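Presented sequentially are two complexes of chain A, the first with chain B as partner and the second with chain C.
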Partner chain A sequence: MQANLNRYSRQILFSEIGEEGQKKLRDSKVVLAGCGALGTVIANNLVRAGIGELKIIDRDFVELNNLQRQILFDEEDVKRNIPKAIAAVEKLKKINSQVKLEAVVADVNFTNVEAVVEGAKLLVDGTDNFEVRFLLNDACVKADIPWIYGSCVGSYGLTMNIIPGKTPCFRCLFETAPLPGMAPTCDTAGVINPIVNIIAAIETAEAIKYLTGKFEALNKDLITIDIWEGSFEKFNIADRRDKFDCPCCKQRKFEFLEAKQGSSITSLCGRNAVQITQKSIGRVDFQELAERLKKSGEVTFNKYLLKFSIDQYEISLFLDSRAIIKGTNDFSVARGLYAKYIGT
Partner chain B sequence: MTTSIKIPAPLRKLTGNQAVVETEAETLIDLISDLDKKYPGIKERIYDGKEIRRFINVFVNGEDVRFKDGIKTKITKGSEVSIVPAIAGG
Partner chain C sequence: MKKIIYFDNAATSWPKPVSVYRKMDEFIRKWGANPGRAGHRMAVGAERIIEETRHQTAQFFAIKDYQRIIFTLNCTDSLNIGIKGLLKRGDHVITTYLEHNSVSRPLEGLVKKGIITVTRVNHSEDGFIDLQELNKAFTPQTRLVVIVHGSNVIGSLQPIREIGKISKEKGTIFMVDAAQTAGVIPIDVEKDNIDLLAFPGHKALFGPPGTGGLYVGPRVDLEPWREGGSGVDSEAELQPKELPFKLEGGTINTVGIAGLGAGITFIQKEGIEKIRQHEMELTKYLLEKLSEMRKVIIYDTGDGEMRIGTVSFNVEGLSPAEVGAILDESFGIACRTGLHCAPYTHKKLGTFPEGTVRFSLGYFNTREEVDFAMNSLTQIVA
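Moving on, here comes the complex of A and B:
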């Protein structure tokens, strides 16, 4: 065995992987979209398993209520106010220095999603909203990159593999997003960490199978799990691809990629918060802005993030001028605060 | 004739937390209407007036109703009806 593979000896002993499979893992580049509950577990597993390269993209920073389930973060990260992608990469480097890691602190939207997935052998889903999954689905189907969908809420979770050209895509199963208020969110239903771990574990297992070329072992069904009830079900969805005239994978109309207006304001799951993305402001000078804001409220900043508290609201501003406004779900209130204190 | 339908956790708010609901309906649309009588509002959640909403999948005995008879799909005694809503948390 090659010396640098010694650390994987127990995984190599597993006959389905072996030394050959381990080398295939080492030669793989994976993109992880979203580094929250599912994302941290997946990143931890894939980096320990020895994939070659992992790019992590996430728009958020670490908060205290994340620690219940987001395994790569700790109280120190909360105190330091650092972005999740950065905190995750710091931790992962200590776990496995052989893996090439890249952190991208950004929101995935129609302007950057194709660049985000470019060059990936596989994309794994750790995101938390429908819009981004439709975007990732469009981008992956268009570029012929497989991706693994996973999601959970409460004690319940779903997962399926999307192999373009071979299996149904995400839109074959869920043609539209639910109407606002029609799907449970972390706000209404919460989430417990065992369902996060089990969905992320399945996503990891599928990733390892795919990356080691064990295509016949891949899950072809839609899996649903309720960890509180102990139920595990698989639904055969193979027909979807043949019988449904999917706008994405059949007609190849990439409606989410092409939604030129995109959405620059979104409600954040579980947070009583709204995110505002600005398209063309450029990078923010925190020093200068902090000077201006300290007359109106409490302001702190570091390399990545500026936090400003005013009345019952808290504005977290990122270098790319994207802001998360906490204390409201009202888009107009959020827009008003942004305009008033950040500008534009 | 009674059939039991399992309500997935994300939809249970609509059934007063009932995990299993009994029905005597013989087709899927009757089943949905019957559910709505017991739990007003649930029909609106899973049915758009013409068909099952596009972010919900319904399987009868493991088969996708979209490729059977849609909302007219027959329900018989012992049928297993599964409702799988899209969820987005993560």
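Moving on, here comes the complex of A and C:
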């Protein structure tokens, strides 16, 4: 079907894009991993800008506390308790019926990540944890698919472009994930919506540049912004790839794809409980984590374990960062809770 | 990594005798061919070792016709081959609430399909089935009595000789699930009146995971549900009728079975009585120490003799999974927590659905390890 380009007239008038750029957008398939705060803004922007095809993958359901920043959802979606990917696609269809949309309600993990990115011209990051980004990085570097990293917490956010073979990859910058429980997450430290919009807007701009073939205009730095403090910084990372013998993009060892790194998850014999174990072992600082978690729910700890209750779930975290999550048998829910409250 | 204390022998025994590792290494290097499928020396050599092990296994359980031993993947496989190969539409089965899912699930599957009916016989608080109730449970349609020899949760050991006798008098097939006992409790299929004996190779018999066996007595005719290559009668359109070929379609786990043979040899050399005595002394010691501990609730047969080396307990204020994770994480103790695939037992015990912490001791465990574990538990409950 020949998409009608009139609706994009203001974008076509922008000389860097033009009709040629618009057609390139129309012929592009983008995968969006994660459809929360960043993801909804990015999806909204890309669909309005007229990309050809968007696949959205997300494991979560719409909750009331999402509405403060996740722009594609409304109170009706909360009432219907529907998956974010589905709710987003419903809304996006009304915005631009010319875009081919696909919703995938799933947890991205080593068994499916290669299928998730397959066929994409570009992947954009709207996820909320380190482990999934390492996975996306492995899959994208392996399949030679560029991706745009973005993340936010509090009033702070960062983003960078990863063009396999040309720029440093995610692992060139972050060799390993921070220890579980040691980094703030939106569910422990909060997040305000302006920083989400800014980071998502930059990710979208970079996506449009890449998809329209304006490679020379692409940002080459790691951008960090703190919208509360008013700091806008760019770090030159161009030499990271030369200076570091990256296991992923240099040695082409895809340790997360091969499940040699990351977490594993098992259902526990007994009712409604799942265990998540981390492959790389570090010691969790219960004191520090408890301090962070006490704002979100009830938390107690002793020498051996930390217990945290949130809604109908209870997380028991042990020193080596393994967790038993009670109240669910669903691996996606368990991984989601781990990412949100323990964080990795 | 710190030294691990392995208290999960009811799941699979570990470590294995060194002779088992050596035998498997030697076998796969020297005799890695497919037994019985060719006439060359490697195939013949492989077959010789498999048949020797078959013979040895048969002798171990006082089985006269060694070809009535079928090698399988594990005890679950053996139970499935027996249960599904035997039962026909309209049959009635007697079993217990102490069974592992490897008995309960095949039976429930057949019940749900409307093929069989099942009666479960109650057990006493100390885990022994009610023989009077058993006697009354028989109907003219009763085709099978299937019973776990040693409970993998509370450790009670059923009097299979008596049950076998009752079964025989009623003209019913008697099947024993020897998952927890084969290798540590003497079993004599003749004296115990056993028609079908399912056993794992990888627990007390010291073989590797992926090995098991099924004895098929002369009163039983099983339908094979795995058909295929047998190395004999290849011109025939159907699976051969002779045992073991009838039930052993496909290439068997030769290297594992060679290891199983070495495991049984180890038991024969040490003496099953000595192994049993060691496990019982250690279990008694463990129970003594556990019962002195505050905040620990023991779920155990309590019987000193008719039992195996498996002890279940819980710690007040912690779920079994949490206790297990702390024991592993902070103290290097490997044990099993949860339902141990025996949900009916836990329902009776009142420990469903969280289950229990289970220490299952083996021949290679020591008093020092029990002491260390008790010391660790003391710190956890403090």
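The working rule: the second predicted complex is superposed on the first by the 256 of 344 C-alpha atoms of A that agree within 3 Å, B and C clash if a C-alpha of one lies under 4 Å from a C-alpha of the other, contacts with A are read in each partner's own complex, and residues count from 1 in each chain.
Heads up, the rule we're going with is that a residue touches a chain if its C-beta (ideal position, glycine included) is under 8 Å from a C-beta of that chain, and two chains touch if they have at least 3 such contacts.
This is a predicted model, so every value here is computed, not measured.
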Touching partner for A:268 - first (chain B), second (chain C), both, neither: second
Contacts of A:67 with chain B and chain C, given as first, second, both or neither: neither
Partner chain in contact with A:318 - chain B first, chain C second, else both or neither: second
First (chain B), second (chain C), both or neither touched by A:158: first
Which superposed partner A:304 touches (first chain B, second chain C, both, neither): second
Touch count on chain A, higher of chain B and chain C: B
First, second, both or neither for A:201, with chain B first and chain C second: neither
Chain A positions touched by chain B in one structure and by chain C in the second: 269-270
Residue ranges of chain C in contact with chain A within the complex: 319-322, 325-326, 329-330, 337-341, 353-355, 379-380
Chain B to chain A touching residues, read off their complex: 8-10, 13, 19, 45, 53-55, 57, 59, 62-64, 66-67, 82, 84-90
Residues on chain A engaged by chain B in the complex (per definition of touch): 34, 36-39, 125-130, 133, 150-158, 173-178, 182-186, 188-189, 191, 222, 224, 226, 228-229, 233, 235-237, 239-240, 243-244, 269-270
Interfacial residue positions of chain A with respect to chain C in the complex: 268-273, 275, 303-305, 316, 318-320, 322, 324, 326
